[in-house]
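Several structures are given next for inspection.
You will see chain A twice below: alongside chain B first, and alongside chain C after that.
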Partner chain A sequence: MLSFEVLGQTIVNGIAAASIYMMISLGLALVFGVMRVVNLAQGEFMMLAAFGSFWLFTLYGVDPYLSMVAMIPASLLLGYAVYRLIIRRLLGADDINQFLATFGLALMLQGIAQYLWSADLRRLPYVLPSLEVGDVTLAGVRVVNIGVCLAVLAFLAWFLGWTGIGRSVRATASNRMGAMLCGVDVRRVDATTFLLGTAISAVGGTMLALVYFVYPSVGAGLIFKGFAVVILGGMGSIAGVIVGSLVLGITEAMVNVYVSSQLSALVAFAVIFIVLVSRPQGLFGTAR
Partner chain B sequence: MTSSSTPGGTLLALLPWLVALAIAAAVPLFLPIYMQRVAVTCLMFVTLGVSWNLSGGFAGQLSLGQAAFFGIGAYGSMITAEHVTSDLLTSIVVGGIVAGLCTPILFPAFRLRGIYLGMATFALGESMRVVAEKVFPGEASGLHTPVVFAVDSLAPYYWALGIAAFTIAVGAWTIRSRLGLGLMTVREDDQAARSIGVPVALYKAIVFAIGAFATGLAGGFYARYLGFIDPHSVFHLDHSINPVFVTIIGGIGTELGPIVGAIFWVILQEVLRGLTDTPAVNTIIYGLLLLVVILVVPRGIVGESQAIWRRIADRRRGRRTGKEIPVVAD
Partner chain C sequence: MAARTAFQNLAGRLAIAVGATALSLCAHVAPAAAADPIKVGIVVPLSGAQAGSGELVLRGYRLHIDEVNASGGVAGRKIELFTEDDRADATTSTSAVEKLISQRGVVAILGSYGSAPTTTGSDVSERHKIPYIAAHAGELRLHQRGLRFFFNIHPGGPPRDVALATFFAEVLKPKSVAGLHSNQAWSIEGMKTLATALKEKAGVEIRQDEFPANTPDMSGQLTRIKAGKPDLVSLYGLDSDNATFLRQALELGLNPRHISVLGDVRASKAAAGLNFDTVLMCDDWFVGLPGAENEKYERLYRTKFPKDTPDRFAVKAYAAAQVLVDALKRARSIDGQGVRDALSATDIPTPVGQAKFKEDGQRLGTFVVAQYQKGAPVVVYPESARTSDAQLRNWRGFR
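Showing the complex of A and B:
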């Protein structure tokens, strides 16, 4: 079992999974970092985009990489509605209320998807030639997923580092009151951040549809991976999300191959529990 | 809400509860079999909600992993029934005790607050499910015990009522005791509580143990009632979410909240079932209700009614109040 080919393949699989985890975790981390709101419905944004790409491909034969782009404006509309109607009212609310309100939203969106499209597992049959390096093989769609993920990270780095609004986002995340006192329009920052997170998750939705099944509760399963990543990396840290996703993705792949496929589901929960209990600030966070 | 020191006063305070119990005992006699079963579910929700409300509502410790104790209680009672004695009471109580004894699995999480505690307990509950699926494999080899109740028997209802009444009584005692006072102090400010000498960790341990015991009783009863369990059904996330849900709807941190919430939710579900047979619609309503309650009436049915009642009472006394009167729920 312990051959380098298997090990290499496992790590590559882990990285491919991490690229999806990053898409959901970036949304969670951005929203939490700026607004201190944990959005449990982040996974449902992903699920809806996955369905969107699935249907566009199945009904009209639209290329998923085209619909990946088309899902962005669609998700912004939904994201803005959710922000105005729900998220904005949860600013500063009790933890438990935030948690349950966004959980309610998640359930609603899942229910709507199930009502419209049933709970069936669906597959988007889109294949690209796979990439082979030595004995390690990676499906073409996964290779592109990793590329898309890197592009999103590059965009985010540019946005947060080199634009005015990006600077305001970072200022608000580091000290909301201070940013307000310096004249930052924190409401605009909130909306921008939330929409940015929504759009990233929507891109992730199409990525997900290409490598996994599409069904109404697919996002609910992913949100807990997102929690594990965000907690591991330190709530609200972007660098933490990157490292956290890779650690989770690769660890799961390792456990899957070398221990038991059943127990790989345990990794995310174990990470959440152990990290919270032993190092609540995560790997990259500072002590609070 | 007020406890009097005179024996007559105590009796008077108990009276509404005794009347409610008498009504609850008479109700199933007028219900068709199907509705009796619904009522059993309702009483289970009451038990789970009331026990969750002790830690989640009065002590402010958000636990999202009660399914762990429900499942442990279910397995405890089934294993007892299979290998030791098939006596119903013994097996259910053993289920509760085993669940209570498992409280220490929460100890490492006690330093966490709010959402962090919620996530840690959630992770624990889900981990228990994954582990149980590994230890007790598959639906094919789930645990069976001989059927205890006849199909048209009223017995399950009274068992569920007994467990719910016991839990309500223990809860009522808890929140009126020194323990309850200490826990409410912890909810408001745990640092301040510690500084005035409240043994915070001990109190948290006790309240979670009480909750685990009651939840374990409910799990044990559920298992014997159905006569068949598997890890997926008894460690299901629903058993962690439902208690929170009914408590929030009814009014978190109020004594009647989980009871009212459970009854409201079960009736609503039945009404919905009459209107549509699509489970998806149920899920949508479930989510919408949660959202609306939190955004519009975060104090829940009972909390909001109490607030309105107080406002009316104050106005009647001719006292002008400029500010909101704080309620227990806050």
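Showing the complex of A and C:
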């Protein structure tokens, strides 16, 4: 049971799960870091993109990795509408109002999806050849998903580090008032950040459709994992998201294989409790 | 004064005349009450994760009731259906059944999908002395509660598990077996019975592993199983679990000589794109199962739903509705007790086999093992129902 084969396979499984967790957590962390809004509908953006890729493949045979690109402009349109109609009005509002509004949006998007496509569990019938590395089998789509995740991280690093608007995003996240006083258009930064979060969710949605079921409430289950990651990494920290996702994914996989599959489902909640009690600012966050 | 008395007399006579007319009208209405519809309640999940299965169960119930109503109903009375969504949730099912009985006044309930909502729903039904007929509930303990108004089309787990163990021992003769079951009670019970029966019949132990029902990820369990290199993997899960298992077995390079699942592996939409050939399945019904009742049913189903293949959800619900209608026709009185007494004497053919209930309300039934061969299921066991020999070669994965 404790063979290298099982250990290696378990770590690979954990990294593959972490790549999905990273996609939902990046959106959550960016929006919270800049706008101080906890967007409970982030999972539903992923769900809609997952359905989009599913139907494009099922009805028209569009390769999911192509539809992943097509989902980005679609999600930007949706994201912009949500930002203008809901999120912008919540900036600076009470936390409870933000929670209720984004929770309501999540339920509404789930309800629309259920009305349109029913609650059936679907799966994208798409497979890539697996790779054998020693005794470890790497599932093709999971390997590509990890690659896509790395590409998104590289893009994010470039965007935040090397573009003017990216630097404004970082400045606003660091000190909103200071950024305003220095002439940063924080409204533009807010909109950009929110749209960036929805675009990452669109990419994550297709990744999700390739390895999980596609159904209206799939995002609701994932949002808790996303919270666990951003709480572990530190609210609003991108580095924290990367480390938090890997820790959560690999720990879940380890508990699943070496302890119990039942307990592995509780890892995310245990992480939330432990971090909030012992280090509320998370691994990479700073105490406010 | 006299004029006033005459007016009072006239008014009195008019009142008597109006009263008599009203009474006579009532007398005319009374016979019409016999032609009032018979109210029947349906509790199924129409939202939540089991909504897809629930919609098919509802389709099966309606298919037969519509058929009966179109041919004149039961003794000239149509059957009126009242449907409640219980989300396959035990608590919601309680209130749904309570509402159907207390507010709608139904004389019987056609039951939910899954053992948990069936357990709580039938408890409520029993308290009101209203029969509850389940179509999709396999847990053993459902029939250990001593209920008198509970009937179940599902023949239960143990006959299925023993049939499967016998098939494994006689035909597959595996040297090492991995058993993967969900965390639901019916699945745990079933795997335990299968393991005991296989140990008795072939002296082979089953290495068991568990997963959360409806999980999208079994990679941990499959990693463990793969390390054990079994000849046979037997999965006890829901349709969606079958799809997840096959998909991830393929991804992780787990390819034992034999794979066995419960139910029809094609039933879940999540299984789209998979090639099922050589996968073994155990159930009491498969599409194309020989028999006049099933042939009739499948013809009806394909006429009504030309785009769909008959599925095991609708067919069992159809059989439950058949059993209820038959009881309504034979009942001494159309009330809870009358229908219950008639149900206990049921002995009719249905597409899933003869419907006859044991003392505990469970249908006596037999199970078969089928295998997908060239894209369609064929019965490979037992000998009496076999339409083809089992193909003993490894599963090949995707189309």
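The rule is short, and it goes like this: the second predicted complex is superposed on the first by the 288 of 288 C-alpha atoms of A that agree within 3 Å, B and C clash if a C-alpha of one lies under 4 Å from a C-alpha of the other, contacts with A are read in each partner's own complex, and residues count from 1 in each chain.
Please note the rule applied: contacts are C-beta pairs under 8 Å (C-beta built on N, C-alpha and C of every residue); 3 or more make two chains touch, one makes a residue touch a chain.
Just so you know, these numbers come straight off a predicted model, no measurement behind them.
Trainee: Which of the two partners, first being chain B and second being chain C, lies in contact with A:Ala106: first, second, both, or neither?
Mentor: first
Trainee: Does chain B (first) or chain C (second) touch A:Gln114, or do both, or does neither?
Mentor: The answer is both, since A:Gln114 touches chain B and chain C.
Trainee: Taking the superposition as given, does A:Arg188 touch the first partner, chain B, the second, chain C, both, or neither?
Mentor: Once the two structures are laid over each other on A, A:Arg188 reaches no partner at all.
Trainee: Look at A:Ala17 in the shared chain and tell me whether it touches chain B only, chain C only, both, or neither; answer first, second, both or neither.
Mentor: After superposition on chain A, A:Ala17 lies in contact with chain C alone.
Trainee: Answer with first, second, both or neither: which of chain B and chain C does A:Val127 touch in the superposed model?
Mentor: Only chain C is touched by A:Val127; chain B is not.
Trainee: So, A:Thr137: does it touch chain B (first), chain C (second), both, or neither?
Mentor: second
Trainee: So in the superposed three-chain picture, is A:Val277 touching just chain B, just chain C, both, or none of them (first/second/both/neither)?
Mentor: In the superposition, A:Val277 touches chain B alone.
Trainee: Between chain B and chain C, whom does A:Val6 touch in the aligned arrangement: first, second, both, or neither?
Mentor: A:Val6: touches chain C, not chain B.
Trainee: Quick check on the superposed pair: does A:Gln262 touch chain B, chain C, both, or neither? Answer first, second, both or neither.
Mentor: A:Gln262 contacts both chain B and chain C.
Trainee: Take the contacts of chain A with chain B and those with chain C, and give the residues found in both.
Mentor: In chain A, residues 114, 119, 260, 262, 265 are touched by chain B and also by chain C.
Trainee: Inside the complex, what are the residues of chain A that reach chain C?
Mentor: Within the complex, chain A touches chain C at residues 1, 3, 5-6, 9-10, 13, 16-17, 58, 114, 118-127, 130, 132, 137, 139-142, 211-213, 215, 217-218, 253, 256-257, 260-262, 264-265.
Trainee: Show me the residue ranges of chain A that touch chain B in the complex, using the header's touch definition.
Mentor: It is residues 38, 86, 89, 93-101, 103-112, 114-115, 119, 224, 227, 231, 260, 262-263, 265-266, 268-270, 272-273, 276-277, 280 of chain A that touch chain B.
Trainee: Could you pull out which chain B residues touch chain A in their complex?
Mentor: Within the complex, chain B touches chain A at residues 56, 62, 108-109, 111-112, 114-116, 118-120, 122-124, 126-127, 130-131, 133-134, 241, 244-245, 248, 252, 278-291, 294-295, 298.
Trainee: Spell out the part of chain C that touches chain A in their complex, as residue ranges.
Mentor: 47-52, 55, 183, 209-212, 214-217, 219-221, 223-224, 226-227, 240, 243-244, 247-248, 250-253, 268-274, 397-398
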